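Right after this note come the structures.
Next come two complexes, and both contain chain A; in the first it sits with chain B, in the second with chain C.
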Partner chain A sequence: MEIARSFGLMVPELILGGSALILLLVVAYGGRSVTRAVFIGSATAIGAALIFTVSTVTDNVTGAGAEAFGTQFSADSFAGYAKVLIYLAAMACLAIAPAFLKRFDALRGEYAVLVLLAVMGMGLMVSATDLIALYMGLELNSLAAYVLASFLRDDQRSAEAGLKYFILGALASGILLYGMSLIYGFTGTTSFDGIAAAISGEISTGALFGVIFMLVGLAFKISAVPFHMWTPDVYEGAPTPVTTFFATAPKVAAIALLSRVALDAFGDQVFAWRQVVIFAALASIVVGALGAIGQNNLKRLLAYSSINNAGFILIGLAAATVQGLSAMLVYLAIYVVMSLGSFVAVLMLRNGQGEQLETFDDIAGLSSTRPLMAWCLLILMFSLAGIPPLFGFWGKFVVFQAAVQADMVLLAAIGIAASVIGAFYYIKFIKVMFFDEPVDRATGKATPASWAILIGSAILVSPLAFLLARWLGNQADTAAASLFLG
Partner chain B sequence: MDGFPILSVMLLVPLLAGLACFFLASSEARIVALLATLINLGLGIVLWINYEIGGPQWQFTERGDVFAGFQYALGIDGIALMLIVLSVFLMPICILASWEAIQKRVGEYMAAFLLMEVLMIGVFAAQDLFLFYIFFEAGLIPMYLIIGIWGGTDRIYASFKFFLYTLFGSVLMLIAMFWMANEAGTSDIPTLMQYDFPAGAQTWLWLAFFASFAVKMPMFPFHTWLPAAHVQAPTAGSVILAGVLLKLGGYGFIRFSLPMFPEASAQFMWLVFILSCIAVVYASLVALVQEDMKKLIAYSSVAHMAIVTAGLFAFNIQGLEGAMIMMLSHGLVSGALFLCVGIIYDRLHTRDISRYGGLAINMPKYAIFFLLFTMASIGLPGTSGFVAEFLSLAGIYEISSDVTLILTTGIILGAGYMLYLYRRVVFGAQVNEDAAAMRDMNAREWFMLAPVAAAVLWMGVYPESFLAPMRSDIAALEARVARAAPQGDAALAAGTPREHEANYISGEHASGGAH
Partner chain C sequence: MIQTIAFYLFASIVIGSGVLTIMARNPVHSVLWLILAFFNAAGLMVLVGAEFLAMLLVVVYVGAVAVLFLFVVMMLDIDFAELRAGFMQNFPLGIAVAIVLLAEILFGLGAISAGPIELGTADGSATPVLGQSNIENIGALLYTHYAFLFEIAGMILLVAMVGAIVLTHREQKAVRGHQNISKQNQRSPDEAIVMRQPSIGQGIDL
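Moving on to the complex of A and B:
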C-alpha cells in the first residue's frame, strides 16, 4: 500500500514523465507532421499536472502525510506552490515558442518534449527531501535545458550558449555533488530530516564545507553573484522563447530547492549559511544593477535584471523566518510574471523582414509607433524597478519587511539603497521608448498568444494586482508554513 | 455629508478621467481633463465648507480593509485639508496652461496630469503609513514622463536626476517605516503620531525620513535636482512641481518627523537651521545671477522652502503656522510666477531674461499680474508672502535671534533678485523687436492668473480663513513636541503690567471724582 500511496503523491510527475515518453515516440515516428499535436499534448500534460497540484497548495498539506518513498519526496504545500508557478510559466513558454521556431525552420516536437522533461525535473527538485532525489531532479532539468539552449542548431550564438551553459552547469553540478558527498560523509545520511538531526548543535568544519559547497552549486543555478557569469551569455545566445523559459521556471525551481535545503536540512544552522546568503544577495543586487547599465542588448539587460532580482529574493532567505520564506514566494510569483512579460515583449520585437530586434536602438520611440506594447513594457519596467503603485513594489515590500522583522535592518537598508542603482536602467528602458525619436523598426505583428501574455502580465503587475495581494500572501504563507512545520 | 466617501470620490474622478484621456483625441482630452479637475475643485470646496473647525481631529475618515499588509485608510485634518485645497485649486490652472502649449500626445499628457492629481490628493489624505508611501513614491512615474516627454532640450538629464534623486531619498524611509510598523504594531498614522519611540531609535528614524523629505523639499545641499527639473519641465509641470510636490517634504516633516520623533527633531534642530540658513543666503545669491527666468524662480523656491523648514523646527505655534502659510503662499505665488514665465515663453519660446524688456509697454495687464506676484514673492504686506514670512520669522526668533537675522537677509536678497528680474523683463526700453510685438494676455490666461491673484490677496489680507482649520491641529502638534522643545535665546517673558496707563497723572483721578 505504501508504494501505491507514494505514487499517488507524485501524480503530476508521473503525468509529465509518462507524457514525455509517449510524445517522444510520437515525434520519432510521426516526424514533423505531428509537431503541432505534440505541442498541444505537452501543454495538456502540464495542464493536467497543474490540476493535480493546485489542491496541495490550497489544502495546506504538510508533514509525513505528504512524504513519498520514505523520505525521498515531499508533495507538501511548499512544493505545490512552486510547481504551480513552474507549470504556468512552462505553459506560457510553450505557447510562444512555435511561431518563433517556425521562422528559423526549427519547429520540432522535440522542443515540447524537452520542456516536459525539464518541467518534470523541476517538479522533482522542489519536492526533493533527499540529496539523491534532489540531484536527479536537478540533472533531469539541466540536461533538458542544455539541449534547449542550443536548439537552433544552425545559429552559432545558440550553439555557443548551449555549450557554455553545459560546461558551467556541469561544473556547478560537480561542486554541488562534492558538497553533498561531504555532507553525507559527516552525517551518514542523505535525507534532509536525517541531516538536520545529525548536525543539530555545533556544526563540524567538514560539514560546514559541505554546506558551503552545496550553496555554491545552487547559487550557480539561480545565477547569484559571484556565480552569475554564464547568465548574460546564455540568455543572449539562447533562442528567445528558451530564454523566457530559463528566466522563469528553472529559477523558481532552483530557489525553492535552495530554500528547502537551507531551511529544512540546515534549518538549525542558520548562522552557518546566513553570511554567505547575505553576501550573495547584496552582491547580486549590486552587480546585477551595475552590469546592466552598459548593456545595449535587451536580452543581456534582462539577464542582469534577473541576477538583480535573485539578490532581492535571497534577502528573504537570509531572514530565515516564515515571513521571509513567504515573502520570497510572493516575490517569486511576481518575478515570474514580470519576466514572462518582458521577455515576451522582446520576442515580439521584429522588423518587417521578420528578424528579431534585440537592442535599445531598435526600440527608440516605440511609444509613438507601437503605443500598446510600449505602455505594457512601461508597466513591466517600473514594476521591475519596484516603483509603487505597480505590483513589483509589493515583492520588494514583503521581502524587506521580512528582513526588518528579522532584525536585519542594515541588510534591508543597504539592499534597498542598491535597488536605486537598478532603477537607473529600468528607467533608461522607458526613456528610450518614450523620450527618444522614433525609428519605427518594430512591426508589432505577433501571435495572439504573445499579445495575451504581454497584456496579461502587464495587468497582473498593474495596481489592480494589489487586490490580489492578500490572496497571494495567504497562499505563500500556507506554503511557507508547510516547510517550517513539516 | 455623513457617509459620503468624498475623499475616495476625489481620487476616483481624476483617475477615471485620466484613464479615459489615454483613448481620446487631443481636443476631447483637454475638455475631459478640464472638467475632471473642475469637478475636483468643486469637491475640494465642498470639503472645505464641510470641514468642521474645532471638530474631531480627523474628519472624513474612510477605511477599507482590501489590501494585504496595509489599509486603505483616508482622512484629513486641517493641515491636509489646506494642502488638498491647494492641489485641486492649481490643477485646472495647469490644464489651462497646457491648453495650447502642449500639442503632441495630448491625451497621454492629460492622463499623466490627472494621475498626478490622484496621487497628490492621496498623499495628503492617506492615514496609513504604507498607503502614504505608495502615493508619495508613485508620483515619480507621471512626473518623470511629464519632464521626459514634454520637457525642454535637456529633459533627459533632468528627468533622470529628478527620478533617481527622489527615489534614493525615499527608499530609506521605507525601511524606517517597516521598523516603525514592526515596533508599534500598527501602520495607522494617527496612532503612530501618539506613539513614543525610544529616543535612540528616533535618531535613525528621523534621519531616514529626513533623507526623503529633505530631497523632496528640497533642502540645501539636496536641492540640485530642482533647478534642472524646473527648467526642463513644461510650464504646467513646473507649477505642479513648485506648487504641490515641494509641499510633500514640508508635509512629511509636519506629519511624521515632528510628531513621531519629537526628541530627535529637537536633537537635529540645529542641523535644519544651519542648512536653512545656508540655503536662504546661497540660493538667493545664485538666483541673483541667473539668466534663465525659470531657474531664477526655482532658486527662489529653494530659499522660500528653507524658511519653511526653519519655521517647522521652531517648536512653537507661530513657527508652525508660518511654515504652513508659507507652503500655501509659496504654492500659489511660485506657481503663478511659473505661469507668468510660461505666458511669455509661449510667445517667444525662450526663457532668457535678456531677450525680453519693456513688456510694460505692450503687455500692461500682464505686467500688473507679474508685479503682484513679484511683490507677493518678496513678502509685501497685503500679500500672502508677508503673512508667511512674518509668522515664521516671529516663531524662529523665539528660538534663535541669530538664525532669524540670517534668514531675514533672505528677504532682502529676495527683494533684490525679484525686482531685478522684474526690471529686466518688464521695465526698461523695448530692446527686442519680437518681444515688443507680443500681444497682451488673452481670456484663457486671465482665467489662469486672476484666481491665483485673488487667492494671494485673500491670504494676505485675511489669513484667518486659512489658519482657522489648521489651528487646533497645529496646537495639538505644538503640545506634542513641547516636551522636547529647546530653550530659545529670545527668553520672552511676560512682564507685570503697570497699575495705571503710562500717561496717568496722579491726582487727576481723585479731583475728577469731585465733579
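Moving on to the complex of A and C:
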C-alpha cells in the first residue's frame, strides 16, 4: 500500500515522465511530420501535471502525509507552489519555441521532449527531501538544459553556450556532490529530516564545510554572485526560447531547492549559512546592477538582470523566517512573469529578413514604430526596476519588509540602495525606445502566442495586478508555512 | 596498525595521482595517473569492507578509462616516436612504480586479514549492516528502498542518450556512393595509369 500511496503523491511526475517516453517514441517513428503534435502533446502533459498539482497548493499539505518513498520525496504545498510556477513557465516557453526553431531549420520534436524531461527533473528538485533525490532531480534538469542550450548545433554561439554551461555545470555538480558527501559522512544519513536531527546543536567543522560546499554548488545553479560568470555567456549564446526557459523555470526550481535545503535540512543551523546567503544576495544585487550598465546586447543585459533579481530573492531566504520565505515566493512569481515577458519581447524583435535583433541600436525609437511592443516593454522594465505603481515594486517591498522584520535593517538598506543602481539600465531601455531617433528595424511580426505572452505578462505586472496581491500572498504563506511545519 | 598505514598509503596515492592527472602535460600520462587513482580508490573501498564497490570501481572505471585512453590516443596528435625515446630513460621510474603497486597489494592483503579499519565512532543513526554479503545488501536496498531513485537514474541516462543523438545525428541527405559496375568496367588501364619519371626534387603535375 505504501508504494501505491507514494505513486499517488507523484502523479505529476508520472504524467511528465510517461508522456516524455511516449512522445519520444512518436518522434522516433513519426519523424518531422509529427513535430507540431509532439509540441502540443508536451504542453498538454505539462497542463495535466499542473491540474494535479494545483490542489496541493490551495490545501495546506505538509508533513508525513505528503512524503513518498520513505522520506525521499515530498509533495507538500511548498513544492506545489514552485511546481505551478515551473509548469506555467515551461508551457509558455514551449508555445514560443516552434516559430523560432523553424526559422533556423531546427524544429525537431526532441526539443519538446527534452523540455518535458527537464520539467520533470525540476519537479523532483523542488520535491526532494533527500540528498540523493536532490541530486537526481538536479542532474535530470541540468543534462536536458545543456542539450537545449546547444540545440542550434550549427550556430557557433549556441554550441559554445552549451559547452560552457556543461563544463561549469559539471564543476558545480562536483562541488555540490563533495559537500553532500561531507554532510553524509558527518551525519550518517541522506534524508533532510535525518540531517536536521543529526546536526542539532553545535555543528562540527566538517559538516559546516559540507553546508558551504552545498551552498556553493546551488548558488551556481541560481547564478548568484560570485558563481554567475557563466550566465551572460550562456544566456546570450543559447537560442532565445531556451534562454527564456533558463531564466524562468530552472531558476524557480533551484531557488526552491536551495530554500528547502537551507530551511529544512539546516533549519536549526541558520547562523551556519546566513552569512553566505547575505553575501551572495548583496554581491548579486551589486554585480548584477553594475555589470549590466556597459552591455549593449539585450540578452546579456537581461542575464545580468536575472543575476540582480536572484540577489533580491536571496534576501528573502536570508531572513530565514516564514515571512521571508513567503516574500521570496511572491517575488519569485513576479520575477517569472517579468522575465518571461522581457525575453519574449527580445524574441519578437526581428528584422525583415527574419534575423534576430539583439542590441540597443535595434530598438531605438521603438515607441514610434511599434508602439504596442514598446509600451509593454515599458511596463516590464519599470516593473523590473521596482517603480511603485507596478507590481515589481510589490515583490521588492515584501522582501525588504521581511528582512526588516527579521532585524536585518542594514541588509535591506544596502539592497534598496543597490536597486537604485539597477534602475539605471532599466530606464536606459525605456530612454532608448522612447527618446532616441527611430531606426525602424523591428518588423513587429510575431506569432499570436508570443503576443499573448507579452501582453499577458505586461498586464500581470501592471498596477491592475495589485488586485491579485492578497491572493498571491495567501498562496505563498500557505506554501512557506508547509515548509516550516513539515 | 597495518590498516592505518595501508589507509594513509592508499589515500595519499589517490590524492597524489589525482593531482598529477590534472598536472601532467601529456594526456596519455594523465590517463595513466587516473587509472592509478582509481586502483587506489578501490583499495580504500576494500579497506572499509566494501569489496563489491571496489571491484565495480576497477571493472567499470578502469575499463571505461581504457576506452577513454584509446580515444585520446586516436584523436590527439601524439608523437609516439618521441614517447618511446624516453622509454629507457624512464625505465627505473617505471620499475619503481611497479614496486609501489606490488607493495600496495601485499599491504592490502595484510590489512584485510587484520580486520576492517576503525574510521571513527558511528553515531548509530545509519542503517545497520545486515550481515550479508555486499552484493546482497546493495541489491536489497537498491531495488526496494531506493527503487524510485533508481528509476530516475534511468531517466537521466535516457536524457543523456537523447541529447547525444540530438546533437550529433544528421539525417543523410545524399545516398552514399554505390558501386557503379558499368563505370568500373569501362575503365581501361590506359586512362587509369599514368607513368612519370620525375627528376629529383621536382614534383609532378597530375
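The rule is simple: the second predicted complex is superposed on the first by the 486 of 486 C-alpha atoms of A that agree within 3 Å, B and C clash if a C-alpha of one lies under 4 Å from a C-alpha of the other, contacts with A are read in each partner's own complex, and residues count from 1 in each chain.
By our rule, a residue touches a chain if its C-beta (ideal position, glycine included) is under 8 Å from a C-beta of that chain, and two chains touch if they have at least 3 such contacts.
All values derive from a computational prediction rather than experimental measurement.
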item: Contacts of A:37 with chain B and chain C, given as first, second, both or neither; value: neither
item: First, second, both or neither for A:124, with chain B first and chain C second; value: second
item: Contacts of A:11 with chain B and chain C, given as first, second, both or neither; value: neither
item: First (chain B), second (chain C), both or neither touched by A:143; value: second
item: Partner chain(s) touched by A:69 [first = chain B, second = chain C, both, neither]; value: second
item: Touched partner set for A:435, first chain B, second chain C, both or neither; value: first
item: Contacts of A:397 with chain B and chain C, given as first, second, both or neither; value: first
item: Partner chain in contact with A:416 - chain B first, chain C second, else both or neither; value: first
item: In the complex, chain C residues that touch chain A; value: 122-126, 145-149, 152-153, 155-156, 158-160, 162-163, 165-167
item: Interface residues, chain A side, partner chain B - complex; value: 368, 382, 387-389, 393-394, 397-398, 400-401, 404-405, 409, 412-413, 416-417, 419-420, 423-424, 427-428, 430-431, 434-435, 466-467, 469-470, 472-473
item: Chain A-touching residues of chain B, taken from the complex the two chains share; value: 66-69, 105, 130, 133-135, 137-138, 140-141, 144-145, 148-149, 155-156, 159-160, 163-164, 167-168, 171-172, 174-175, 178-179, 181-182
item: Complex contact set, residues of chain A against chain C; value: 6, 17, 21, 24, 68-70, 72-73, 108, 110, 113-114, 117, 120-121, 124, 130, 132-133, 136-137, 139-140, 143-144, 146-147, 150-151, 153, 162, 187-189, 194, 197-198
